[in-house]
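One chain, subunit A, links the two complexes that follow: it is found with subunit B in the first and with subunit C in the second.
Moving on to the complex of A and B:
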């Protein structure tokens, strides 16, 4: 009890210095948490994917479509429960700034295959029966103030012209990790228009989504699907939904690695600042610690005092920083709009923040504590700050 | 009278650990700051240099990249009748109809697939890009399944080196050469014969049309003519503009992210400088009193401590810049969000970045040192002497 009090009193002796150090740690821990959360957001799509779904696409690359007739053949493959298909639309809502993903889907099979998108029964029915209908996620609807019944015009970049959709439903996610900033509409509508302008590009789709009877069979089924189309004009590449999502992450890996590296650099910077504070403190109190040793307190006890003070400051800054991370992340997610559909501070991030704070405290106290414990009483008493 | 400069320098030298820790923190911040600016400069330089000012790129209206675009042969023929197209040395009109697609290739080191631009070019297309020259092997022969790869692709992807083969469009393609295009976007492309590509990918239309203007000032007139033609649904851009537009999102992303991170980091470093300078002032109270008693004015005390702090910043800035300059040897390859394709670019240190980084470092030193210096200058002589 007495020791704790002594440590705290010591920490508060230089109020300005301690306050500045705490502010520095708060900034560092908050920034560290925010950067980790950005990295997590990058992986959000992959983490939310289901292990019971496979994605089949052209083996050359995603820009090459597959013929719709493949759906029948895939359905016949052993272990496949159902098949759906979708196309990336790439439309622009008013300006390029308002980016959000839009997919042309086969509505019935799509909604069955993705139980994580929850749509009220009457909205589901309205969507299925209106060929020009569309559904959007709750977050997207809130962002643009859309209500059911609104008309949404999109300017096509891949499919020319202006496309107008009737908003028939707003889906909610089954949990927080479900992407609620996407838009889905009828694949039939897209196909009809394409048939008129580019007959050669009709009856084709970007990817097939395959639901497995048993998730354990993912490897066998993907091999079987690809074997079916080997040496055809459009060879396929089938992988789990997670691998499919991760392939997007991998393409921007260089940026991701840079963000990760930078998140550690800030911890190192603040370690230098904190170590500086502790080194100065220990030097100034050299005579005082020597007096304590002369009175009979052990080396370990004195080192423990420095260690405890460092830890107390680091933890205070760390806890404040963690508390600040949440409102800051909420603000950041808001400012970024639909760029990061899922932006949540995970438990792992908080744990890493606590770890970083402890590490900062421990490393900063290391050298001064060791020096103070080692110094001879006579030298310590003689020393001047 | 001013306090001697050597006195200030010695003050820093006498407390080595503290000086090193503070300057080290600043050096890291300057390093991050400079690297980000270098990355943005490198990206910009790569994409701006990709285009030639008198070349014009024609793509389908509203398409944002060549891959999204589509131009059928009829439309292409109409564009080719433009009288403003320049004529080459051999008398051919300098216009190239090009199919551009993406193929997914595994990276050499990680085997992870990424999208690579593959472009079908004609002899005119090669003439339109004088910056590209073969550095290894030879150019592909028209009418064959031969391809040449850009420098960044040849070294970064499996099957893309000279002599290797890759399979796409149900054919095996032999890489017969590698070209360098002076650190431009073409370094991240694969080129082959345009008509062969059309067959392999079963396409009937092209992706884009590139031509050289006979008179570069006629661009606006040509653009108006093309876009007003009711038979065409195309738009024309100068090649320089076209590639600059394609890097917009990525370079904005890099500079925003980098700016935010540098700003946050600098708070940490400024606090570090402040703590150091406050301690420096506190431990030298008696000394400051003596200096005042000797006749040095408040202003010279303030200046002395500010200079000390600026020196700390300068040391950090120089160390950070030296470390950052080594980054020029590295090149980064990542996906450009707008084209969905791989793009290699390197860090580039420009005089403007050196100036900005040093100014940033000195700024951190100034902000961090001002309050402590002001405290030192405000001290009363008697109190200061008594405190010692």
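Moving on to the complex of A and C:
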């Protein structure tokens, strides 16, 4: 009790200095949390992917489509439970700034394949029966104020023309990590139009999604699927959904590494600033600590006071920084629109922020505490004279 | 009052502090600088001794060695039968907490603590209950005439009052020995007189053994005995 009182009173002794140090830690911890959340958001797709699903694409490149006839052959591979397929659409809603992912899917098999997208039965039925129908995630609907029954016009970039879809359903995610900023419509509609404008590109799809009977057999089934199409005109590359998602992340890995490095550099900088503050504080109070030692308090006790003060300041800044991270992340997510479909401050990030604050406090106190503990009482007392 | 005017110290035959062959030197740039040379000294229980001498004569060093906050280069210091030169640093800390009360020239109070908190500080190293600590602190502050200033912080007290708080802090554990390093050095003459009267009372009424370093001959007159140091050697 007494020690806590002494630590807190010491921490508040130079209010401006302490306040500025706390502000510095708040900024550092908030920035650290925000940068970690950006990195997490990059990996969100991969983290939310299912281990029971595989993705089969062209072994040459994702831009080369695969014949739809492959679906039947993939279904016959041992270990495959079901197959669906999809195409990236790449349409523009009003302006290019309104980016969100749109996929042409085989509605029935797709909804069965992705149980994490929760759609009311009547909306599901309406979507399945309307060839021009589409479903969107709740986040996307909220962003643009769409309601079921609305018409959504998209300007095609890969597939020319204006495409108008009837919004038949709004899906919710099974949990917070489910992407709710996507749009899905009938692959048949896309294929029908392609057949008219690019007949040679009809009956082809971007990727197949494969549900496994047993997720443990992912490697064997992947190999078997690719073996089925070896030496064909369109050889395949099959990988887990997570690996597929990570292949997109890998394209921007250098940026991610830079962001991660910056997040750590920020912590190191504030650590140095805080260490300077604590060194100054301990130096100013040298005579007081020497007096305590003369009165019989041990070196550990005196070092503990410095540690306690440093930890109190660092934790105060850390907790404020963590509290500030949440509204800042929400604002950032809004400002970024659907660039980051899942932008959540994770428990791991909060734990890392707490760890960073504790590390800042401990490292900053280390040297001054060690020096104060080692200084001889007479030398410390001489400082006052 | 000179040494001859004073009544003999009680129980003078049993020295509380016995210093034998004490030397202290520093090594600076390969050169040995002696500070104290072969000091032999006895202080009896209940004595009030003034250590005098010019600046650099080694009087504060001698006080620090007897108080256990510095280590001798050679010799023996026995306080109440314990050779404190042989104690480890942590043993010395515990010994000081139990046996020595400190009074400093600049009071050395904790600025963030009230007078009560400052006096209570040494008691935190004891097993006394909070209530027992409060009783003792109130008694000690009453004894130095500051019962009504308990909640005041050092910056709300005058120099003399701060030194009284420091004296209460030195008394609170009922130590074997009180060491005072220039206790009136930062005070005006009137306040210095009040502080010296208080030390005299502690010595006469409670029987505290006091070892005081001072430059001031008037302050030294309050002591039973004056010891002079010249260039690290006792001057008789």
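We adopt the following convention: the second predicted complex is superposed on the first by the 383 of 385 C-alpha atoms of A that agree within 3 Å, B and C clash if a C-alpha of one lies under 4 Å from a C-alpha of the other, contacts with A are read in each partner's own complex, and residues count from 1 in each chain.
Convention: a residue touches a chain if its C-beta (ideal position, glycine included) is under 8 Å from a C-beta of that chain, and two chains touch if they have at least 3 such contacts.
Predicted model, so just to flag it, every value in this text is computed and none were measured.
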item: Partner chain in contact with A:297 - subunit B first, subunit C second, else both or neither; value: second
item: Partner chain(s) touched by A:61 [first = subunit B, second = subunit C, both, neither]; value: first
item: Contacts of A:6 with subunit B and subunit C, given as first, second, both or neither; value: second
item: Which of subunit B and subunit C A:275 touches, first, second, both or neither; value: first
item: First (subunit B), second (subunit C), both or neither touched by A:254; value: first
item: Contacts of A:27 with subunit B and subunit C, given as first, second, both or neither; value: first
item: Subunit C versus subunit B, contacts on subunit A by residue; value: B
item: Contact residues of subunit A, present in both the subunit B and the subunit C interface; value: 385
item: Of all residues in subunit C, those that touch subunit A in their complex; value: 64, 67, 69-70, 89-90, 93-94, 96-98, 102, 104-106, 108, 110-113, 121-122, 124-125, 169
item: For the subunit A and subunit C complex, residues of the former touching the latter; value: 2, 6, 9-10, 13, 287-288, 291-299, 376-378, 381, 384-385
item: Residues of subunit A defined as touching subunit B within the complex; value: 16-17, 20-21, 23-24, 27-28, 31, 35, 59-64, 90, 92, 96, 155-158, 160, 198, 200, 231, 233, 235, 237, 247, 250-255, 259, 262, 265-266, 268-270, 272-273, 275-277, 279-280, 284, 385
item: Residue ranges of subunit B touching subunit A (in the complex, touch as defined); value: 17-18, 21-22, 24-25, 28-29, 32, 60-64, 67-68, 70, 101-104, 110, 112-115, 168-170, 201-202, 204, 233, 253-254, 257, 261, 264-265, 267-269, 271-272, 274-276, 278-279, 283, 332-335, 337, 340, 342
